[in-house]
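Note sheet for the following structure.
In this document, chain identifiers A, B, C and D correspond to the written order of the chains, with residue numbering beginning at 1 in each.
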Amino acid sequence: MMVQVKITAKKTLILPVDAEVITPDAIDSLSLSKVESLYVWEGNRRRPLGELFDVEFIDSDEDDALTLWVRGDLKSVRRIGSHMSFGRILIDGDVGMYLGENMKGGMIQVKGNAGSWLGSDMNAGLIEVLGDAGDFVGAPPRGLTRGMSGGRIHVKGSVGNECGCWMDDGVIIVDGDLGLFGGIHMRGGVILTRGNTLSRIGAGMVNGKVVVLGNVPSILPSFTFEEIRKSTRVGNDRVEGPFYMFSGDLAEDGKGRLYIAISENNHLHFIEKYLEVK
Amino acid sequence: MDLLIINGVVYDPINSVNGERMDIAVHNGKIVGHVNDSEAKVIDASNMLIMSGGVDIHSHIAGPKVNAGRLLRPEDHVNDFEVKGPFIRSGVGGSVPSTFTTGYRYARMGYTTVMEPATPPIKTRHTHDELNDTPIIDKACYILFGNNWFVLEYLKDNRVEDCAEYVSWILDALKGYAVKVVNPGGVEAWGWGENVRGIDDVVPNFGITPREIIRGLCKVNTLLGLPHSVHLHTNNLGRPGNYQTTLDTMRCVEDLADVDPILHITHCQFSSFKGDDWTNLTSAAPEISDYVNKHSHVTLDMGQIIFTETTTMTADGPHEYMIHGISGNKWVNLDIEAETGGGVVPYTYKPKSYVNATQWTIGLELALMIDDPWKIMLSTDHPNAGPFVEYPSIMSWLISKYARQKSLEKVNKKTLRRSHLSDLDRELSLSELIVMTRCSPSKALGLDKKGHLGVGADADIAIFDIDPMRVDTSKEYLKYDRAFRRAAYTIKDGIVVARNGEITTRHTGKTLWIKSGFPQEAFGSLINELRERFERYYTIQLDNYPIDESCLTNSKPVFTQSSLWS
Amino acid sequence: MTFNVTNDIACPFCGCLCDDLKVIISDGKIVDVKNACIYGLTKFLNYSLERSVTPVVQGDNGKVEVDLETAVDKSARILIDAKYPLLYGWSCTSCEAQRVGLELAEEIGGVIDNTTSVCHGPSIEALQEIGESTCTLGEVKSRADLIIYWGSNPLQSHMRHLSRYTIGTEGRFRKTRDDRTMVVIDVRNTYSARVADYFYQIEPNSDYELMSALRVALRDQEIEQDEVAGLKKDEIYDLADMMISCDFGIVFFGLGLTMSLGANRNVDAALSLIRDLNKRTKFLIMPMRGHFNVAGADVVFTWQTGYPFAVDFSRGYPRYNPGDTSAVDILLRGESDASLIVASDPVATFPVEASKRLLSNPLICIDPHRSLTAKAATVAIPSNFVGIECTGTAYRMDTIPLPLKKVIEPPEGCLSDVQLLEMILRRVRELKG
Amino acid sequence: MSIEVILITGRSTSQGLGLELGKHSEKYKRGVASCELNVDDMRDLAIETDDLVKVSSECGSVVLRVAELEQEVPRGVAFVPNGPWVNLIICSDTSGTGMPRYKGIRVKIHPIEDGIVGDVSSLVEAEDE
């Protein structure tokens, strides 16, 4: 008999709320009153969780993992799912920054939009966002030059700038558009975007792969056109091209690869003249 | 408020007290013969080890280079922080802690005096700003002279006395405590991206060799009667085969020595490499320690490696660029007009790395193969070879063969085969360890009120919750390691400042500096002679260069005698 | 008419912090300043024109002049009640005032940020990932034979930069103007571009592309596109050759990089370009810091908290993440519930959305000017002009510390930032008990 | 008739002096609430110095005076000094860097006969909560 925990914000939260205790790891096997007495921060005030959220235990007959069902106006609620290693978190509406930071396992689903630093420094697990996500998806904390090292982030909407910054491994899928500098300083892993991107994708990458099915305004001068590819692998499934395949970033002696869908990028057709020469 | 510490086991090597039960009385911040115990606050130190507060001769805790390291590495602080408390300001730790945290962490470990070993004259105002915000400990800073254009020009023309007058003015004007020399001539060459190879290489554009710079500044140091000898970071530091340069450096000043040591080779581990390249790097500890055992004009400090992630920072610009090349980590370079340079590069020492493991053995071999503990002081060149909070693990390695054995099991196999460390059985006694961490640094720095518990000494006392009579240093080193990390009591200027790891009061230590005995009008003529060249070499006005004593929150000038002006 | 001249005065206007000014005073008024540029001269001669002297509080029916104790008490109460107060500004006051500001922010659990976050904040975010090969300005004066101004117009924003530190100086190893080459890379043909030996006019928002091309050329590889950032491929090769073949090169970069498309990554590419150049020759880089003590604010914030700006004390210890804890972002998300502005005018410099939010919560302003922020403040407390009416320390754009001197008496009853902030801190501690 | 250009903001002499002469002075308003355009673009818009134009971005719009060229402005670019007026059209989004986009933003410019340049104190009102 597994318990589902329903956590509902009591009011509109304007001040920034740090709620890194809203994770299966922190709540597992605690009594209701114990959960309510876990501490969160509202601005510079330390508050028991129970003061800002209504907590309810629901017996659920499904035997799957501990699930936290988080509801209400959560735009300014941050660090939900921080360092999470198992279980599930389901979020009804929008949610704040650092959702699932340093995640090590389990699954998070957001029906609305997510803030910046979604899945920051993630090691494993799955994050699914039905809406949009902010900037720095999967990026590491400031100063670190190794980012997401595993796991999977799937954003059905669009994402902001520097998605997959310093990415080491793992998979990021964006059904919507990718902002500026997608895959910047990538060292491994894969980013797939079905929508369009802004410029400078793959800037500074040394390895890893960025696959774009939509339009790319331009390719950096430090990337070189290699060849045309029919399809490519993303995680354990294949995505059909055909693609222009670029390698770079030469400015970093990089071996990263950009796969740009030919159909949506006829402004790049001029590079085909390099095919005969090579 | 008087203090009476009773029933403790006292170690005070300078006053030849080695593990005696005795009481210590404190009045007005000084150690006294006795106090009437009715008014005094009594501390029952039964079964506890008592020694004077720790003195760290070389630790980068304040100044432009250190702050560049803090700025460079937010990732170094994000998971190690201190929350604001009744007596403490909040801050961050990591390999380069913020200033408040630095003071508290030294105090918790029973250290009460720390020397910032490298500040460029033109930015020493910044260093003093930071030292003012470093609580509890007494402190001072050494001023960099080895690549200073005026020093190079004076010594090239062998004008030693003029150079002495200039050095004395700088120490007085910028509130410095000692003469620091880093890769003499090499950092000036780095102004063009070059370096010097050995001590007889000519420095481009200046026509002088490192040998002449070192000898010149040692003469200046003696002439001025400065309390500490010249504090030297050798040329070719961190380069395989550099032990030859270190031996040449120590030899080149033999004739200048009289009673006291004339030269201090700092973080000597980095200067004791044999071999042609990284693959056949081996320890030169035997050669270096043999020389030091046979001479009395040189003191050293270890620069012991700790297997951890840390931040290297030194005025040796070309050396830091080399570390950047090896590690590929982010690199900061800070060249300073007409004076020196600097660099900061994060670095991780790994036990499985042949080079790092060999470096680790070199530091310990030096300490164990140099017979006299007064000649080799404990240090990690914090944070270059490791953070100061790891000093207790070095203490364990020194006092216990078993501690060394346990760590040796984890190091690189090739290092294990080649190193002398595994067959060194020497285990330092508690007294010898105390000499290396309090007494010899105080003596080398000329701090006669520090490093001992005799009557008249500063009441800087560390009390550790371990009974040296019953706990064996060799086998039960882990207990000593734990005890040394958090003093039961740390007493500074007669006040209990830390208790079992908790800071118990707000306290600001003194900043020591050398007040020149030179008559002011003598400086007047020096300054007029300097003014024209200063305007050409620098981009600030000469009159904005000195620092007013009021800029030091707790100024403690130290007076010296010199033949030049008496 | 008695004149007295005070020498070697540091100028409290821009990041050049020129310290060779001569201020001439007659009958208690500043009548002339020698060696200053037009900005410094204007400040010294007109600083007391538009200034208020008595504290003002926004009562129920409009503004009321109050005594200092009342203003300090009201400020302390606002700051204690706030659950997420923002303390912003700090770049035009002394390091001593910045230290008290940090202690106050820690005491009330607030977020403290300085104007770096809307100036060279992106440069520091890049430095924290790449590092920076830099030097002090005297190294440039003595050694530099190639001086590049990228996205910066010194003759407009740092008027004596050229004459005091770069092409106008006589250095130990660079005696005359011919020993040096000046290059300007900018979107407009500015005053600075006209005195340069080479001017590369590039398209807006294309700095990153140009740097990528330069870094490819630097690795002796071919640039496949014929034109990048509005420059022909050969022009880029020429610029790359010039950078490789100099003895000592330096790039001074300005807000052209940090405020255009790609802000922090433009600086990331510049820092990486200079790092790579050090494999071939001696090359350095330096940001053209704007305000006279913004570099000092970063230095003080960093040694006390470990972080240069955007420091959040709300959980009792310092945290840092520009984009989360930086002033404009906090205001845009409407998360702060009170603010203390010191020595800055965000209502005039922030985007309107952010400054509106600033005005919709209690706002305390400590500033000598009658600025837009001061006029809109709940509590406005006038202070002294640092470097004119009170002393202090400031850090130049290359982080060289210099003393700021007091050349003239402040108006009666008008205190310095340090004194005012200490009064507020004392009152906060009294009220908190 | 309107054109789309890239807006560059930056320091100008009057803006720099304005900091010290006081932001309520007429000199400050005249210097800072102004916009420099390339001669050919001005011809396309049929405007001359001292005419008024409305400059709008995705975040707002502002009425500015066409200023005489202090320094050169290339075709397709407009230069406006930093200050409270141009901040009406600068977006507050910083894409996670803390720095709003003050330079290189896409704007539309068209002449406006009856526009007036707002007085500095009326530009920013409190957010009506």
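Keep in mind that, in the parts below, a residue touches a chain if its C-beta (ideal position, glycine included) is under 8 Å from a C-beta of that chain, and two chains touch if they have at least 3 such contacts.
In this text, all values refer to a predicted model and were calculated from it rather than measured experimentally.
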item	value
Set of chains whose contacts include both chain D and chain A	C
Which of C-D and A-C has more C-beta pairs touching across its chains	C-D
Chain whose Cα centroid lies nearest the overall Cα centroid	C
Gap in Å, rounded to a whole number, between the CA centres of chain D and chain C	22
Chain centre separation (chain B, chain D; CA means) in Å	57
Chain A and chain C: spacing of chain centres that average the CA atoms, whole Å	35
Chain centre separation in whole Å, for chain B relative to chain A (CA means)	46
Sequence positions of chain D contacting 2 or more other chains	95-96
Two or more partner chains touched - positions in chain B	72-74, 78, 330
Touching two or more other chains - residue numbers and ranges from chain C	125, 128-129, 261, 313, 315, 320, 322-323, 334
Those chain pairs that satisfy the touch definition	A-B, A-C, A-D, B-C, C-D
Of all residues in chain D, those that touch chain A in their complex	95-96
Interfacial residue positions of chain D with respect to chain C in the complex	6, 8-13, 16-17, 19-25, 59-60, 71-74, 77, 79, 82-84, 87-88, 90-104, 120-121, 123-129
Of all residues in chain A, those that touch chain B in their complex	140-145
Chain B residues touching chain A - in the complex, by the definition given at the top	72-76, 78, 330
Partner chain C, residues of chain A touching it in the complex	14-16, 18, 41-45, 76, 97, 116-117, 135-136, 141-143, 145, 162, 166, 180-181, 184-185, 200, 203-204, 218, 220-222, 224-225, 249-253, 271, 274
